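This structure is in structure tokens; I'll ask about it shortly.
All chains are identified by letter, namely A, B, C, D and E, in their written order; residue positions are counted from 1 within each chain.
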Amino acid sequence: MFYILRENNVKKTEFIELDSNEICVGFLTVEELNQSFDSLGIKKKTFLDCMYDQTHLRTSIDTYDDFSFGIINIVYVMDVHKPKDRVAFIIKKNLFLLVKLVDEDNSCKDMIENAVGRLTQKQTLGKVVSGVFESLLLNGNKPLEITERKILNMEQQLVNGRISEHLNRDIFNLRKDLSILKNYYEQLFNIGEELQENQNNLFEEDDLRYFRIFTVKSERLSNNTQLLSENLIHLREALDASLNYSLNKTMQFFTVVTTIFLPLTLIVGWYGMNFTNMPELTWKYGYVTVIIVCMIVVGICLYLFKRKKYF
Amino acid sequence: MFYILRENNVKKTEFIELDSNEICVGFLTVEELNQSFDSLGIKKKTFLDCMYDQTHLRTSIDTYDDFSFGIINIVYVMDVHKPKDRVAFIIKKNLFLLVKLVDEDNSCKDMIENAVGRLTQKQTLGKVVSGVFESLLLNGNKPLEITERKILNMEQQLVNGRISEHLNRDIFNLRKDLSILKNYYEQLFNIGEELQENQNNLFEEDDLRYFRIFTVKSERLSNNTQLLSENLIHLREALDASLNYSLNKTMQFFTVVTTIFLPLTLIVGWYGMNFTNMPELTWKYGYVTVIIVCMIVVGICLYLFKRKKYF
Amino acid sequence: MFYILRENNVKKTEFIELDSNEICVGFLTVEELNQSFDSLGIKKKTFLDCMYDQTHLRTSIDTYDDFSFGIINIVYVMDVHKPKDRVAFIIKKNLFLLVKLVDEDNSCKDMIENAVGRLTQKQTLGKVVSGVFESLLLNGNKPLEITERKILNMEQQLVNGRISEHLNRDIFNLRKDLSILKNYYEQLFNIGEELQENQNNLFEEDDLRYFRIFTVKSERLSNNTQLLSENLIHLREALDASLNYSLNKTMQFFTVVTTIFLPLTLIVGWYGMNFTNMPELTWKYGYVTVIIVCMIVVGICLYLFKRKKYF
Amino acid sequence: MFYILRENNVKKTEFIELDSNEICVGFLTVEELNQSFDSLGIKKKTFLDCMYDQTHLRTSIDTYDDFSFGIINIVYVMDVHKPKDRVAFIIKKNLFLLVKLVDEDNSCKDMIENAVGRLTQKQTLGKVVSGVFESLLLNGNKPLEITERKILNMEQQLVNGRISEHLNRDIFNLRKDLSILKNYYEQLFNIGEELQENQNNLFEEDDLRYFRIFTVKSERLSNNTQLLSENLIHLREALDASLNYSLNKTMQFFTVVTTIFLPLTLIVGWYGMNFTNMPELTWKYGYVTVIIVCMIVVGICLYLFKRKKYF
Amino acid sequence: MFYILRENNVKKTEFIELDSNEICVGFLTVEELNQSFDSLGIKKKTFLDCMYDQTHLRTSIDTYDDFSFGIINIVYVMDVHKPKDRVAFIIKKNLFLLVKLVDEDNSCKDMIENAVGRLTQKQTLGKVVSGVFESLLLNGNKPLEITERKILNMEQQLVNGRISEHLNRDIFNLRKDLSILKNYYEQLFNIGEELQENQNNLFEEDDLRYFRIFTVKSERLSNNTQLLSENLIHLREALDASLNYSLNKTMQFFTVVTTIFLPLTLIVGWYGMNFTNMPELTWKYGYVTVIIVCMIVVGICLYLFKRKKYF
């Protein structure tokens, strides 16, 4: 589908002829590009590049003499684990072509139609391209605010002493998600910077500030993501210290309990021996003395541990 | 409310007419802006931007051709958890407009009136804008000094061996607060740098140094915050090591106690066995020998642990 | 072997005469260079440099007045522990000479023949050199994707609670591999930047963008490597916390068990004492009372540990 | 007190009249400044600034049109915990004014007199200012060398296995001291850089290199401090690992001891049971068999732990 | 000793007269400099600087109007703990003077004679100075390769489960050595950069690239050092995790053993009680039942721990 940006309206059409006066936005599948790249003035090599390096790690932009070619892996910021859509883009004089490489739920099409729909009269290539890219940043702060609330919630759990393996996994998963988001915004930032440099003079000097605003917005989102990520580092360290503290407390309690019972158990074992000549066993006050000795042992233990601040 | 900066006085008025000779500072609610943006020469789109992205994560400044538009989330540095006020600002030739987006206790109004009050004769737009922004940095060092004293206090606790779960939570909370402060100063620093660049030439060249002083002050506060944050990292690491050391000591003590009692308990259990032909039980010196053996066992244990430096 | 890049074909030859109109790519062994460096206009000192610093740590490029000389340690990205091949390169006007220093399986030759084979008509020195260098980045994302899958797999293990010493070693080994990869891409990035600076004007201004694309690609691969490396750091920290949590749980369980049995063992030891006058032993309800006391002790212990959330 | 730098001597005087030919260094108390700021051509506002922001966190320099105003918190590098002196400075054409804000032991006066004393003929403002500032860096390496020796000493303790809570606190305190030093040198570095920029043209172009040397020296001291700080990080990590290792060893020893005694204690308890029909008790070889069984149990335990490398 | 670099040979002499046509390299002791600094056109102050700041922390270069003065602390890279030699250098038009400050084994002299010996005809000051400095980087990769092999060896130990306190200390010592090396190369890098800036125009523009090559080589060595240092960080973290894992395993084993024996010990203690009316003791199947109960207890414990994956 092509969108020809006329002065007053946007004309949708299946096929176009490039014209030096009107700016055209296209959204094609790979098959459609295969049929029309020639008529669009796109070299076969560029077309093949779309097909070649299909890896989802590659978000990129390469600037050539008379066009720019790039690939974006679109992260759905509200759910970073949703499969990433891959879209290639070709920017030529008067043409902004997007090629759907991977998109199972056709969400790209909606996004692009929305972005084009927001464009009104007196369009320039720069406005169109920056407009589509900026639609990727829409709602960027929402997942960050949700994450912020989650982190606050986790902090509450920690402060209340509810340490669970769950907390560890939540920290791990949130950091991973933020890492994906941060990387995504950094890559958009890089693309924005590259477009802003305008090395092949596709855009008018005046329009470069739109890319600047895009770049600044990406950086801001990246910084906000980073800030949350640092909060999680602090949370992890506090969790670590809590676990260490808890282990200390457990072992101190355990030591107290054992140290009290060990001498008592020795004493009662002692008088369980079957030697024939143990005078204490038949001594009138033997039993009473053992009771008193046990009490003294417990008393001394408690006093010593109290002084050592074990409880 | 508008403040018209005349040569000798500041005139307060509810409605203004922009005039190329006098500089005007306005502080409006969103509703007031809604009624007057047209007469102030502000585009509807800019007005809508004030309303649109209400998220508290967005501190920003965007520079357009003939005006700059930004949003500040004001952190109250004396209590970073107090709800942040949100204020939008629009800077045009001769006009510095502040729009109250969120402010439950109306604290912004006071701040701005104070800042305007401090302005005297021969004002320029640059002096006015930098004056208002600089009022955000007032007293910036006070919370840092309070935090510094808190950290010193916590260090004292650690050195005195009073390790408590409290200390862990205090470190965590202080770091979080410093993180919020640092981010706030960095954002103000960024706004200051953007204004200093003066890309739309709203300010006179001569006035840019006021923004420079603002920028340097923000950076200084950010650096001081960072320094305290690093102190907390060191404190956490020392706390970690203290906990580890304490666990070591506990377990060594425990090992000593158990290792002394285990053989003794075995011995007394041994002679508690009911075998009919245990010659030791009826041997004349049986009981005395067991007492001596027990003493020797204790002696050997103590000697070995002494050599291992377990206590 | 030399490859002379003619307008329509690539001529292979064993010996060449440098000619100002044709670009020549050579791939020699050290022995071959020894025989021909004079006729190629290469100084003896440069030849000796190839021989001298054989250490595998040295990936470098030095820019001299009329030539550039460098050494690359080629990491085979699909298996970073495969022995690195070492190749020296000399770039002169019209000549790109590669010298095989170390290469047991002769894999370099294939790589270079492939790279030269991909070159077609209208070659410039810049295109040739950047073409060969770019062949080092081919398939760079594949090992990263494999590593990504491995990390996902390890995360799954952690989430499922299957903590093993294996996991620790896997994290360690993967991080080491990524560290090697990252360093390799950074070194290629540095070489690319040096060539892009073109200080000795070996390349035409127009061709420098090919080095720019090479540089950007290296940086992208380096960044992707870095991102995976950070994921591993997070995984390690989650593993650490899991181990700490597991130790806590083990010790709490242990403390519960011991604390329940210690008083019971004391009680039964107590009534195993052989004192002649222990009234409880002959008391009618003695045995029953001990049973009940034991039950109460167990009940109190369980209640206390329940309240302490030990299980 | 003022020091007028004449060609051949330094004249001390209580009151001066500024003169365009002679450079004057003044060292005043706040009260003295209060009386003379007018005659020195210093604005009331600048004077009030000296009084206003008394916080010890503020080391700063602000550059105005015809003067520079700054505040230094002087760290006594030989003892960073000695109370910091605060000195304000005002640099005007021909005048370098230092104002004592806080200085209980009057150490500043000595420092400044020494610095002025070292100045000889043909002074320029730049030489004077840089001379006074450089006196702050005097002996900067001495505390670093002392710290280095302390660290070496602590390393020795660690290597000899003398792990104590003392070591933890020493690391913590040294890092804190180095952190204070590093921050101090960084702030001096920043002041040096600001003076070097010479934005208000107070200094002659030729004299700027003196500030450059000051800047480089500050940076060098800051880097040396940083290096020691990193050594302490490594020491802390080694201490951590030592504590972990020691805990491991303790618990392994403990496990060996317990595991050997537990079955023995069970066996002897077993034959302490009072069942009427326990054939072993009256069996001729019962006692001997138990002795042999116990020995076998000990043997098996020792063998298993040996294989597990527990000791 | 002075070396006068003539067109065809190097003349050694004890005393020189500076001559604008010939370049002279001198290597003097402090005493020799004391006698000749006047005739060499070196100011007394510069001479005293050599003597003054003797601290071994100071590697520096200060650039003055007509000469550069610096001090190098030479780290012997093959053994970083060998006492550092200190050499001052003065670079003037046509003169490169090295002054031996500290050198017990006279190793500097050899190094400089070697460096001068390698210089041949058509010398410039730049070539001479860079030649001597580059001799400091000779063999720089050798200690790094040795360290790399050591690290590989330590990794092998870790993978084989041979965790020892030795490993911790080796990591600590290697990191310290690498830290010293890295700092040394960074300081040489800084000196190289300063010489490359050529602020006092001592060197010809053409010769600056020799300093560039020196700078790049220092940086490369510094980067390689850094890479090894990072490997050690990974190794330390893996060692930490191994220790944690080992502690977990020990405690789980211990818990299993204790939990099995505790109930058994209680049971046998129970029937060791001397109550007169314990029906079980005289019951025909009492003993057999206890045996069976004990077996069941062991069975249940083993089953539960199996399910908890404790072994």
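What we mean here is this: a residue touches a chain if its C-beta (ideal position, glycine included) is under 8 Å from a C-beta of that chain, and two chains touch if they have at least 3 such contacts.
As the structure is a computational prediction, the values presented were derived from the model and not from experiment.
By the document's definition of touch, chain D and chain E have no common neighbour.
Put simply, the C-alpha centre of chain A and that of chain B have 22 angstrom between them. Between the CA-based centres of chain B and chain E the separation comes to 36 Å, rounded to the whole angstrom. For chain E, residues touching at least two other chains, in rising order: 240, 244, 247, 251, 254, 258, 265, 269, 272-274, 278. Interchain contacts close the chains into one ring where each touches exactly two others, per the touch definition above. In ring order, beginning at chain C and turning toward chain E, the chains are C, E, D, B, A. The touching residues of chain A, when paired with chain B in their complex, are 141-142, 144-145, 148, 155, 158-159, 161, 209, 213, 216-217, 220, 223-224, 227, 230-231, 234-235, 237-238, 240-242, 244-245, 247-248, 251-252, 254-255, 258-259, 262-263, 265-266, 269-270, 272-278.
Contact residues on chain A toward chain C in their complex (touch as defined above): 53, 55-58, 60, 62-64, 163, 165, 168-169, 171-172, 175-176, 179, 183, 186, 199, 236, 239-240, 243-244, 246-247, 250-251, 253-254, 257-258, 261, 264-265, 268-269, 271-274, 278, 280-282, 284, 286-287, 290.
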